[in-house]
Amino acid sequence: MALDKNQIAQRIAQELEHNTYVNLGIGIPTLVANYIPKGIDIEFQSENGVLGMGPFPFEGEEDPDLINAGKQTITTLDGAVLFDSATSFAMIRGQHVQLTVLGAMEVSENGDIANWKIPGKMVKGMGGAMDLVASADNIIVAMMHTNRSGASKILKQCTLPITGVNCVKKVVTNLAVLEVAENGFQLLERAPGVSVEEIKNATDADLIIEGEVPEMKL
Amino acid sequence: MINKVVSNIEKALQGVESNMTFMVGGFGLSGIPENSIAALSKMDVFGLTCISNNAGVDDFGLGLLLQRKQIKKMISSYVGENAEFERQMLSGELEVDLIPQGSLAERSRAAGAGIPAFFTPAGYGTEVAEGKEVREYNGKPHILESALTADFAFVKAWKGDTAGNLIFKGTARNFNPLMAMAGKITVAEVEELVPAGELDPNQIHTPGIFVQRIFQGEKYEKRIEQKTTRKRD
Amino acid sequence: MINKVVSNIEKALQGVESNMTFMVGGFGLSGIPENSIAALSKMDVFGLTCISNNAGVDDFGLGLLLQRKQIKKMISSYVGENAEFERQMLSGELEVDLIPQGSLAERSRAAGAGIPAFFTPAGYGTEVAEGKEVREYNGKPHILESALTADFAFVKAWKGDTAGNLIFKGTARNFNPLMAMAGKITVAEVEELVPAGELDPNQIHTPGIFVQRIFQGEKYEKRIEQKTTRKRD
Amino acid sequence: MALDKNQIAQRIAQELEHNTYVNLGIGIPTLVANYIPKGIDIEFQSENGVLGMGPFPFEGEEDPDLINAGKQTITTLDGAVLFDSATSFAMIRGQHVQLTVLGAMEVSENGDIANWKIPGKMVKGMGGAMDLVASADNIIVAMMHTNRSGASKILKQCTLPITGVNCVKKVVTNLAVLEVAENGFQLLERAPGVSVEEIKNATDADLIIEGEVPEMKL
């Protein structure tokens, strides 16, 4: 069965490495914080100026001066730091933040990502996404495999204005885990109960498939 | 000591004119200069270019200036919370220049720091890079971005002193210290204004040299855009 | 929380090798990483390139490494207090690259901030500009300067916590926060090491993300180069 | 009679403008702080990271963590701020510091200054001088008119490696106040009792002299 959003986050959490700094985008990526594996120390950075983000505050304890980049009220953990936007992007651009997890509208087989604009329809802006994808060593995309009208978001080439080139390393969707390999998308894992055939059918780009494709373990 | 205090908002906004370029601090509605924005929204200044990470919401923040169509052009990174903004943009009434958030921050700092241009990897290969010089460093293409200046910068701090020194709180800091550096005239409003000497000189975020005018704001609403909480166990 | 504490100076210096490039914080003798320098001066590492605003004095600071001829090349802005330095430089034993102080600071910050190059007016028309690209901005010529990186950065703070967050005191801050950003491995020594959570998150100068190793230094001498005083009336 | 160093500083202090930030170099410039005219508010910046510098500390109250760019122990005044070197030079390069007063070995008639190196003999380094002279709107040089061997330091062209081009606006020496005008040095004032002829004789560059040259008032 295809994963739900929480399960996508849960699978991505398995990619977290000990003692690393991670930036989580809005939407599914935010959920990753709920599934940090035991024994793995992570600090979450939010590009509006906080490192060491904690869970949401208890009702009544929200502080308008303490939000994340999604404008949600947050808390901080011991060891947290607050800083200005230039310092925040110094951390990002300077590759001190090792992993960025973000959503996308499209990902192409050379690792391009589009997630900021639908010409003539939706122009919310790139926010920090362009800096993030141009910088971090490791970029993982969390998204549904297809859009609302059922079209594949995994493409040979992006059709929407792109956010960054050659940057995505891995994509985790409700159907599969894909790696952006040198020659295109390599199918690494299937969602439990989802067949390779089903994934192929839902995917516009060609898939590189080597041997048995294992099911994800959640 | 050089005294930066102005006695009221009128004096703080003296010299503001139509067709000027303003920088406005804040991220979403957090850390925005509420008093300055409210006062500007009541002045007859139009044709403004506003540099601000976001554009407020319909009835708060820069949304107030958008409602009165005082803004000709927005330079922002993310503008997704404002229906009136979207309407004006899609109809072509409002010019919009969207730029990466990190470049917005760094370009503001650069202006204040006398750095006219710098290379960044952000935006390479995208619309943002169109017409910009590309150069490879460490095997990675970078684009040349230039400093962003403004006639006025409006910023908001938690505490300030009469010498113009500012301290921010939480994530309300965001773009404020950078825009303070970049403004030709920087107007700082603070929740609490104290005499020079009361703030620890080691703990000041924005040195007063970057601030031309300071005043104590009032009636801070500090609206929350996305109230998210968790349940107590 | 990511714990950055190392239990002793040996672990702090693990991986240090001959022919590496080090950044060393401090201005004159103020804010220098005394413990790290002392330990390095006892190790058999040679052929070092040291990036530091100054070169210490004969028997303190980087002067200790110069005495043992561990340094092959100095990248500094001002080196006027060190007779042994002058001797080695004039005899050609020591390579010296002198760069403007502001460019040294900004080039360090740039490295840490992922800015590979930027334009500055400093040094235009001088020896410093030789071979560098010149471009005019705002009617004034600027030269292109590049980021400065180092295998290790050694910095010294007043207080630090186990997450690597640093707070500096007085003018002992100087280059330390910038070099902390630029080092591939940044080793911070502090006068007082406290548990994470004890420092006010609003008041941290160097976020722990820029620091790879932290330890509490000992026996700080904090030598004064120019003791100047006035008489009591 | 020619001025002494304190009198040079005293004359330069007359150039200070109300509500401005000033950087004073090592040597004579440091003495300017002792002669701030009444009613003129000035804040002194030192490029090692302090704004709002006060006088030297009382004996026994020196703090090794509080020095100026000349490495002298200092104090701070109410409203002072401490900051890192990048912020310090942001203030300087960004022209937030309006006036720089510094010493020189040579000044040329187009406003070039040399003060950091004597090839083969003295190489102390430029410190912050290159950033300072390339940045501030107003640069005043404080120096003796001639060097120890009696040679003019006011030249048609610098002979030593320069620190900056076209930057010096005014020179105050023990003999005269000179402005760097479009066509060369204009003699603005004479030291009390020093004749125009004496100044001409001590000066290598041509002097522009318009009408009576008044004596400095100290």
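Per-chain numbering from 1; labels A, B, C and D assigned in written order.
Note that in this section a residue touches a chain if its C-beta (ideal position, glycine included) is under 8 Å from a C-beta of that chain, and two chains touch if they have at least 3 such contacts.
Keep in mind it's a predicted model, so treat the numbers as computed, not measured.
Distance from chain A peaks, on a Cα-centroid basis, for D. Should one ask which of A-C and C-D has more C-beta pairs in contact, the pair is C-D.
Rounded to whole angstrom units, the spacing between the C-alpha centres of chain B and chain C is 33. A straight line joining the Cα centres of chain B and chain D is 36 Å long.
Taking each chain's centre as the average of its CA atoms, chain C and chain D sit 28 Å apart.
Listed for chain D are residues 82-83, 86, 89, 92-93, 135, each touching two or more other chains. Of all residues in chain B, those that touch two or more other chains are 106, 109, 113-115, 120-121, 168-170, 202.
By the document's touch criterion, interfaces exist between A-B, A-C, B-C, B-D, C-D. Residues of chain D touching chain C in their complex: 46-50, 55-74, 82-86, 88-89, 92-93, 112, 116-117, 120, 123-131, 134-135, 161-166. Listing the residues of chain B that touch chain C in their complex gives 106, 110, 113-121, 135, 137-138, 142, 146, 167-170, 202-203.
Of all residues in chain C, only 1-3, 109, 111-115, 161-163, 165, 181, 195-197, 201-202, 204, 207-210 touch chain A in the complex they form.
For chain A in complex with chain C, the residues that touch the partner chain are 19-21, 41-43, 45, 51-52, 76-83, 86-87, 89-97, 135.
Interface of chain B with chain A (complex): residues 27-31, 53, 76-81, 86, 89-90, 96, 98, 100-106, 108-109, 120-128, 158, 168-178, 205, 222-232.
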